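There are structures below to look over.
One chain, chain A, appears in both complexes that follow, with chain B as partner in the first and chain C in the second.
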Partner chain A sequence: MIKKVMSPLRIIAILAMVAVVAFAVPAQSKNLKIGFSMALTGPLAGAGKAALIAMQIWKDDINKKGGLLGRKVDFVFYDDATSPSKVPGIYSKLLNVDKVDLVVSSYGTNEISPAMPIIMRKGLVFMSLFGLAVNDKFNYDRYFQIMPAGPIPKDDWSRGFFNLAMAQSPKPKSIALLAEDADFALSAVAGARRHAKRLGMKIVYDKTFPFGSPDVTSVMRAIKAANADLVYVGSYPGGSVGLVKAANELGLKAKMFGGGMVGLQFAGIQKNLGPMLNGIVNYDFWVPEPTLNFPGVKEFLKKYQAGAKGKGVDPFGHYLPPYAYAYLQVLGDAVTAVGSLDQKKIAAYIHKTTFTTVVGPVKFAKNGEWAKTRTLQVQFRDVKANNIGQFNKPGKRIVLYPSSVKSGSIKYPYKQ
Partner chain B sequence: MKIDKFWLSVLVILIAGFAFTKLADNEFYFFTTYVVLQGLIMAVAWNILGGFTGYVNFGSAGFFAVGVYTTVALNKAFGLPLPVLLLAAGVICGLLGLAAGYLTLRLKGVYFAIATLATALVLETIVNNWKFVGGAAGTYVLQPKGSFIFDNYIELLFMLMLVLAVAATAISRYLSSSRIGQGLAAIRDDEVAAECMGVPTLRLKLISTTAMGALMGIAGAPFPFFVTFVDPVSAFALVIAVNAIAMPMIGGTAVWYGPVIGALLLGAIQETATVTISSELNLLIVGVMLVLFITLAPKGIVGLIQDYKKKKGANNG
Partner chain C sequence: MITLELFLNAVVAGLMLGGFYAAVALGLSITFGQLDIVNIAHPTFVILGSFVAYILNQNFGIDPVLIGVVFMPVFYLIGTTLYRVYYVSFERTGQESLSGLAFFFGLMFIIEVVLILTFGVDYRLVNAAYIGKTLHIGFLDMPFRMLVPAIAATIMTGAVVLYMTKTFMGKAIMAVSQDRLALQLMGADPIKVKRIALGIAIATASLAGALLIIIQPVEPSVGRLYIGRIFAIVVLGGMGSISGTFVAAILIGVVESFIATFYGPSWAPAVGFGILLLTLAIRPQGIFGRA
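Moving on to the complex of A and B:
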């Protein structure tokens, strides 16, 4: 029967040839091309799309100033669908087929790491967007990460929470630790655990809960029963919303509650939770407080908020977008200062320079992380119900830490 | 001496693949071909149980992930070389396939399919809580220094995947054309009748689950070195299981070369879509093609061509 039809080997050979020919080589242009993959679909698409809006604002701004090295800047980007296995192929296409001049990373640890071997092999400068301690393993001297976690990212993340707690009187003695079972949340809580042990706190509860659990009331009930002075949580948006609601319903009596809850930075979730947020101390990266009014940030956010309308992304863009703009600012400033695309010189310049960006002054440590942590600890205050606009103004997320950008003092304990 | 066309083709493919690593300086082809070949091995493996035997496995990602995490664990514990890791992944996943088969093959139809899905969920839960391999937080796996006779590690991975894909296809071809294959086909057509005719159904089904598991594990073993960061979400990804089913269904499940055709076609379309339209389109492409083929051409591309040739032959005759 097989011999009567087209030979299977012939069909396979034709298909293999089609597969090879399918990837046509595009023509090279004179414009300076910056290539990247971005999570435009999949679980991180909301953040990825917001980052892309910010990056395109930078591109427009730089092109209005004449581009980089006298060349207009173009982006070449592909959607990695929040799938790490797509990233190596995308970067190899960017570098070998599209022949981009510079590359920057996608959003998030899982999407940054798979690009590293290719980037390292080519000796390229790699600005990365919100990767947690990616360079701990690679030790690549041309890697620079824009999230202000600090030189020891996993520990610096929660350092502010504990510094604040230990400055209170009487000092807290016990802590409950809770992590949602996935990458970032576990790392954040691991750091918190080390701080708790270093400070001699009694850990009265230390558990994880499954990623994406729809109901976390029972978890919060157990935490309440543990009666800890501090409750440090590492969680993702769904879990964070559930835990805040459960804490309110059950009347959690901890002195400080929060820490590493992802989602509480987004306007949609803030509106949803409303006054339930009051008193929570949580990490953040930028809030509209006067102490964080860096040059250009307001202009940037105005453009972002106009561009974000109807795109299904965070309408205010406080959390990620300024950093997506800033990591290109750093790269652009370095290229301009060096006057060429010499990757070694660009990396050396980034290492020695303090950059002025929309997220404030940025100086990198030897490992490519921020030289000093600026992971904010903010406290929600006077939040009213059903008012999204309030979160775009000062006074709702008071900066407690670090002291260099502090905008108010902590209300302690969490619930009176 | 007459040389089998198949083995001659295998030789040509391997020599061409090796020559490609020496002649091509565009890494992009190696990366994309790696992904296509990984899909091909998964599809061929799935077809041994799903196509030849008629038992639908929804838990392919589980076997793939066990291969992935075998590499992660043994690499972390002993720093073993890649060939040993491949072998270990094959043995462990083969045994897992054997055990899963022994426990679940008493189930039939939809119940068997649900049991395989549950197996994958159980495995994912175990990995999520296994701190040594990074648990839910994931772990980094750095590519070893040195790349044998190749210029870089991706060329090595590409060549390795090509050899594995050819080997998987050869195993599938052997299983389909041997007495084992006839027995499996008998089980697929009517298991009770096959049993009455003296076909050792349980033994044959266990052979197919073991072969399927081993090949899927081997497909997953090099993955950590390809992505360098592994977490349960990427190792147990839905798209792995969906592609493993879709590729044979589109190519044709009844013959050994059906999954190969399906994998090359679907894999090439998906990789092209990733860098032209959108990565997310991949699942839509798979879904649409799957619906079209199941409703319009249930025997896949191979069946379509066979029908066309038959019709042409009848008209001529």
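Moving on to the complex of A and C:
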């Protein structure tokens, strides 16, 4: 009798336990959400969309391994339209409405800075993608930046260009500085200006030009008239293309030309400019030279190039995508090592660790920048017309700096 | 230091740049200046023209200027269709001022998104034998990349001026903005006149887009950079005056070139808009506008 009375109770108890387990299991295995804004339209969308492809490759890779902390990884992201004013609202929504577990940045200095106040208020670790010296203004100890600019980003950015120039004989004596009027380019040229002053060079031209100027022929003519030994430029894709074309059309006679020109890293632009690029010394972050063949990078690029087909983005993905993959590698490795989402512990772990990534070993300095600069200075060589495939092979962008990954010597002056 | 060589080169570079500005502003001069339609999407149609030139240039190696000319009838049809929608939805009901503006804003975003979904967001460029080469006359340097667009733009503007001044329909287009009722009394249909006018305006975007992609790389949203500048040119030239638009474009081009060469390129837009404000203060109707 007692047995008969106990049975329903036992059944209810078992059902209750099953219910608890049934509800508890989904709660524990709820996907881990990483939130970010990204430039998917607007002037920087080419880079933003390429970055997103790389990030999704990382997400697929990590989920194949079981995710992070036993949870599958999901992305929650919004298009910031390359508009800095949209960024704070996006991160507010990510944190307060979408309740994401981790955040990473959009692409580029102009899109990273506006997110900083809200990220800092929440005390979150913030992995950022290609921001130049953003943390100089904020001094946030949970900020980490994946672009290998170096611990003094504004100066390290152009250090290689000047080291190369000063190693030539006779040493260059004068320089022209030109910046497109936006945050990154201005910062890059500010560093170049300091180097020029430090080295006692005569600055014969130092101007800015409006972002998105349709034609820069007059600007290049004024630079040519200044007759500088070196021409250092900070510019964005449209301006970079115009300046390279104008330099060829007007016959610029500088001994070194380039520096911080965004766009010359993209295959479509490289193909169009073709031999006009020959001799230009410009920054880059990854090129298919044997000295930069880090473990995993070729496998990653193979996946990227397959994923990029038909998407209207850079087909090779040398410039940004490996770093977009790597900044999530760093975050993922740190979360796994710490074993929780404790932001303080994650930040402490990132500070003390050297990470193995597809862009090589990554160690951060106290300010969240790379502990040692690896901003490449590459020189275009032997570029042929109308051949995009050549840029996916070694020999077209020779690494001149830093010496640890050098693949050749400079051809100087840049145009005979 | 100002030398004769720099001075003359700055003038020539300004003329070429201004010629290109005229091509982009020409369509807006018709829609905004003559039809009183605030077609804020005009630069986006220019970008559409750039992408048409890009596709045919990259796939068949056809010269971009030729593509721009050949596709003008297609853009004309787009323009006339657009006017039908605009008229039925807004103008007929008297809602064209605010709703019409919103319509063209929306259109701008739709075209941009369609371009992004179709072509992606990478920068696109064209190839032509003359790009990268320069015509040297004495110490004057004229890159063909700028010279060809300037010549093409001048021919297009001249053709439109001729059409407007020498044909019945052209005169009707100029009249429709001034006195619609009088035009009806003369036996012309203002709706048809406006439809043709918007067709012509959008047709100019086909060539302007081809010229743009010769000069600079293009991605779907790059047209936004031109909105302020071309509206300023149309207002400066005088609402409704195509010749005025051309002169204003040349003026802005030359001023920008001078500022970029001798002072600081960053000042160029500010000085350009400064001239606009100064002109409007002295002559509110613009350089060639009627009081």
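What we mean here is this: the second predicted complex is superposed on the first by the 387 of 416 C-alpha atoms of A that agree within 3 Å, B and C clash if a C-alpha of one lies under 4 Å from a C-alpha of the other, contacts with A are read in each partner's own complex, and residues count from 1 in each chain.
Operating definition for what follows: a contact is a pair of C-beta atoms (placed from the backbone, for glycine too) under 8 Å apart; a residue touches a chain by one contact, two chains touch by 3 or more.
Here the structure is a predicted model, which is why all the values come from computation and not from measurement.
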Report task. Considering only touches as defined above, state whether A:D80 meets chain B (first), chain C (second), both or neither. Result -> first
Query raised in the report: Given the touch rule stated above, what does A:P88 touch, chain B (first), chain C (second), both, or neither?
Result: first
Requested in this report: Have a look at where A:K137 lands relative to chain B and chain C in the superposition and call it first, second, both or neither.
Outcome: first
Query raised in the report: Looking at the overlay, what does A:P114 touch: chain B (first), chain C (second), both, or neither?
Result: first
Report task. Quick one: classify A:G395 as touching chain B (first), chain C (second), both or neither. Result -> neither
Query raised in the report: Once the shared chain is lined up, is A:L186 touching chain B (first), chain C (second), both, or neither of them?
Result: first
Query raised in the report: Who does A:L40 touch here: chain B (first), chain C (second), both, or neither?
Result: both
Query raised in the report: If you stack the two complexes on chain A, which partner ends up touching A:V97: first (chain B), second (chain C), both, or neither?
Result: first
Report summary line: Overlap of the chain B and chain C interfaces on chain A comprises residues 40-42, 181, 208, 210
Query - chain A residues within the chain B interface of the complex - result: 1-2, 4-9, 11-12, 15-16, 18-20, 22-23, 40-42, 78-81, 83-90, 92-93, 95-97, 109-110, 113-114, 116-118, 121, 136-138, 181-183, 186-187, 208, 210-211
Query - Of chain C, residues touching chain A in the complex - result: 1, 3, 6, 9-10, 13-14, 16-17, 20, 112-113, 116, 118-125, 127, 131-134, 141, 143, 145-146, 212, 215-217, 219-222, 225-226, 256-258, 260-262, 264-266, 268-269
Report summary line: Within the complex, chain A is touched by chain B residues 5-6, 9, 25-33, 35-36, 128-129, 135-138, 140, 142-143, 152-154, 223, 226-229, 231, 233-234, 237, 239, 255, 257, 260-261, 264-265, 267-268, 271-272, 274-275, 278-280, 282, 301-302, 305-306, 309, 313
Requested in this report: Please give the residue numbers of chain A that touch chain C in the complex, ascending.
Outcome: 40-43, 45-46, 48-49, 82, 181, 207-210, 212-219, 221-222, 225, 237-238, 241-242, 245-246, 248-250, 263, 266, 268-269, 272, 276, 311-314, 386
